[in-house]
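Letters are used for the chains, namely A, B, C and D, taken in the order the chains are written, and counting of residues starts over at 1 for each.
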Amino acid sequence: MAAPTFYAVVAGVGSGTGASVAQLFAKSYPVALLARQESSWAPVADAITKAGGTAIGITTDAADPSSVDAAFARIAQDWPNAKLAAAVYNANAGFAYKSFLDLVPSDLNTSLGTAANGLFYFAQKTLPQLLAAVDAKPQHPPTLIVTGATAAIRGSAKFATFAAGKFAQRGITQSLAREFGPRGVHVAYTIIDGGIDTPWGKDRVVNGGVADGKISPEAIAENYWYLHTQHRSAFTQELDLRPFVEKF
Amino acid sequence: MAAPTFYAVVAGVGSGTGASVAQLFAKSYPVALLARQESSWAPVADAITKAGGTAIGITTDAADPSSVDAAFARIAQDWPNAKLAAAVYNANAGFAYKSFLDLVPSDLNTSLGTAANGLFYFAQKTLPQLLAAVDAKPQHPPTLIVTGATAAIRGSAKFATFAAGKFAQRGITQSLAREFGPRGVHVAYTIIDGGIDTPWGKDRVVNGGVADGKISPEAIAENYWYLHTQHRSAFTQELDLRPFVEKF
Amino acid sequence: MAAPTFYAVVAGVGSGTGASVAQLFAKSYPVALLARQESSWAPVADAITKAGGTAIGITTDAADPSSVDAAFARIAQDWPNAKLAAAVYNANAGFAYKSFLDLVPSDLNTSLGTAANGLFYFAQKTLPQLLAAVDAKPQHPPTLIVTGATAAIRGSAKFATFAAGKFAQRGITQSLAREFGPRGVHVAYTIIDGGIDTPWGKDRVVNGGVADGKISPEAIAENYWYLHTQHRSAFTQELDLRPFVEKF
Amino acid sequence: MAAPTFYAVVAGVGSGTGASVAQLFAKSYPVALLARQESSWAPVADAITKAGGTAIGITTDAADPSSVDAAFARIAQDWPNAKLAAAVYNANAGFAYKSFLDLVPSDLNTSLGTAANGLFYFAQKTLPQLLAAVDAKPQHPPTLIVTGATAAIRGSAKFATFAAGKFAQRGITQSLAREFGPRGVHVAYTIIDGGIDTPWGKDRVVNGGVADGKISPEAIAENYWYLHTQHRSAFTQELDLRPFVEKF
């Protein structure tokens, strides 16, 4: 296979947002799929391949810098001449919903490790490539999108460690947007404000079980693609997304 | 002409954002163009017609309820069976950049009159129609988009009256989003954070005159269209838009 | 009586916040009490006088510029040499809690008239005096405090007109803080986030009726006095206040 | 010495904010002083003792849970029957002002370690004591105050790691306020928005060198004390403080 000109990378590919984003971006770019477990990325890679796209899956712990190093080394090896068009950081560590006094230090480390440290490693790997892609005159501005949540703007009771991670992530992303925007890289943060309609959460009832009361992962993916295609004279830095029935 | 099934209305159609939004929405819907002066809407109506679309222009003072009444009566007369797919409130009164002590009460009234009162009249006319359109199973969720600015989230020195209007407008729009979102109407506010590349502002240098350092009205239009097409499980309430080089 | 050196003025003196603020500031300054009805300010003036303070009450419609003019003319006549130490804008028009489609234009005008226009008139009268007071080397920085509410930062469903007024007021106040802070005047906005324990609201149960579940007007007054006494190297621009049990 | 009834603890006692806060609180409570180095807390302890107060200094690394454990064990040993009236988390790790691509992972870990992890350990040690103090009917609501900065609400270019820490800290503090406020503990965050007038920063010119153009540590201390004394019907959750001349 000839090396693709541009590619995308998605960190945190499971059965929800990451999978949908990867599949949508795969209609335009070869996509590298990073996930902690092969069982997470393998079905997505298969789906992309069946649809005529190109994907490589790489088992990666986003919170471990050497694992992230290895992932990008693998990408460079497989697609040596590819420029990075879009990088999506969607890795999540789950969260502990507990009274603060029932939390243990590892709850905080787990949250920060993926949300803050993981984003840090991922951004350090991808931003140099995204800057290089600016010079290659891509169709769309090279883009870094980070998946946030309500907990990035609101520290609710019993969400202390989740909020810690998401707040930190939002702060980092804002800083990156302000530094790298003027250099041509679009850095955006999403505030996913609602339950996501994932395969594994079908039984969880939110918003009274009304149709479209959970966020469709495909709809999230369309929004990510839209962010990627925004004209550089009109970049969105922070995008809130919620079901029409969601209280906010 | 058979009455169109769905139509759009744009209040505040001049040579910048409003014109571009109207022309883009006109690719999908007949569009009613509201502007204070015929010289504002006439070229836009012409452009739409030449491109094969349908438009009616109605000279309207958005800050005058009887004028707004008359405008919607005219629309109802011309397109008696049309449902409202999208309403865009883009009317602006300009602003006084002055020390607070040099402002006069009419500066405040002018700002509030268009930003707050005008939006109020427009929303009272359009929301019942947008609710009715929900029942008509449109392709996209019926949408009300209001054009905001940085002054909606930041009261800068010497912008007291402009901020008053834009803050008020944002407050109203949030309230509408929370009331009418659950009923199926997408209500969104945009934070236009930067100079717009209007025909009449070509000589104004911003961001050092760099290419794409002003916001393209066509790019704003694409964003408005995108908001209109968002899936109802993933509505954006507030969209910031700024040039890649903008300080924020 | 010799004219006082410094005085305070409170607009919106009733039985709640305004009365408590006036009584507390009256321990340090003669206080001018502005209220729409004499029955509002008269008991407060009496209480101040009985406690050994000085007060004048002036029946004033804060939303009517000529009434505000007359009030300050009266103050200038009574206290010709007094400098203005502190001005508190606490006027409120009440609010309509209604579906947006049940509101009428006068609901909006009532809200904006007091929250935005009234503040505008009051600030135009008091800021020149506060600036003059800076030169008079007062004990505390001359201060303008505006009473806000949750509706200044959140447009809730069915609060469209109240939010319009409070958002506008917050925007104006921010702008004033940025313009007049560097000239030595402390301009602060308060976000009163909870029910106030007013005499007329004793029967209204909030937060389950728990002790201190409503905000004590005396506590608000202490906070206003504290804002007034802040050192100019450490001004607070926006102060949130809520009962310990309040959800937020 | 008889064990004091109530005490205060300040983590991060150097020559600026922490020292001033400790000295002011020492007028009302014995104060435990935590700092990484004895040379930081020793002069403060001396000053407090000379002024007639009581202080113990404990060399503590706020980012190290075992060091924090040891500090509180020491306090419990010295003041076995004391209740905790106020806890102030003022530990700071400094920050790296660098292009994101010049940062290394340890920059992030240093920032998070003190701002997020350190606060976590400190809050886990102090909140149970503060809750216990609620039952002891103290004069003022038991209080946890955390020192924040502009970087807690704005991720500026080249401040990625500092913003990460301060954002995380703000998220945690909000969560604690919402969980422990209803239980009677006042949890507040301060946004210190400006340069502080520390002994070691005398040569640094900010705001043109104007008098009071840097925040006085004594003024910060007064604000912290004020937060501690707020009535529980009117708690402030987040307090911004900036010099009158500061741009914001």
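One rule holds for everything that comes next: a contact is a pair of C-beta atoms (placed from the backbone, for glycine too) under 8 Å apart; a residue touches a chain by one contact, two chains touch by 3 or more.
Everything numeric in this text was worked out from a predicted model, so none of it was measured.
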Fill in the blank from the handout: For subunit B and subunit D, the touch-path distance in steps comes out at 2
Handout entry: Relative to subunit B, chain with the most remote C-alpha centre
Key = D
Practice task
Take the average of all CA coordinates in subunit A, do the same for subunit D, and state the distance between these two points in whole angstrom.
Solution key: 34
Completion exercise
subunit C and subunit D have mean C-alpha positions lying a whole-number Å distance apart equal to 32
Exercise for the section: Could you tell me the distance, in whole angstrom, between the mean C-alpha positions of subunit A and subunit C? Expected result: 46
Practice task
Note the residues in subunit A that touch 2 or more other chains, in rising order.
Solution key: 178
Practice task
Counting only chain pairs that touch, give me the topology of the graph as line, ring, star, complete or other.
Solution key: ring
Handout entry: Pairs of chains, among all present, that meet the touch criterion
Key = A-B, A-D, B-C, C-D
Exercise for the section: Using the touch definition up top, name the residues of subunit D that touch subunit A in the complex. Expected result: 65, 99-101, 103, 105, 108-109, 112, 116-117, 120-121, 123-124, 127-128, 151-152, 154-161, 163-180
Completion exercise
In their shared complex, subunit B is touched by residues of subunit A numbered 141, 178, 181-182, 184, 186, 194, 197, 212-216, 218-220, 222-223, 226, 230-248
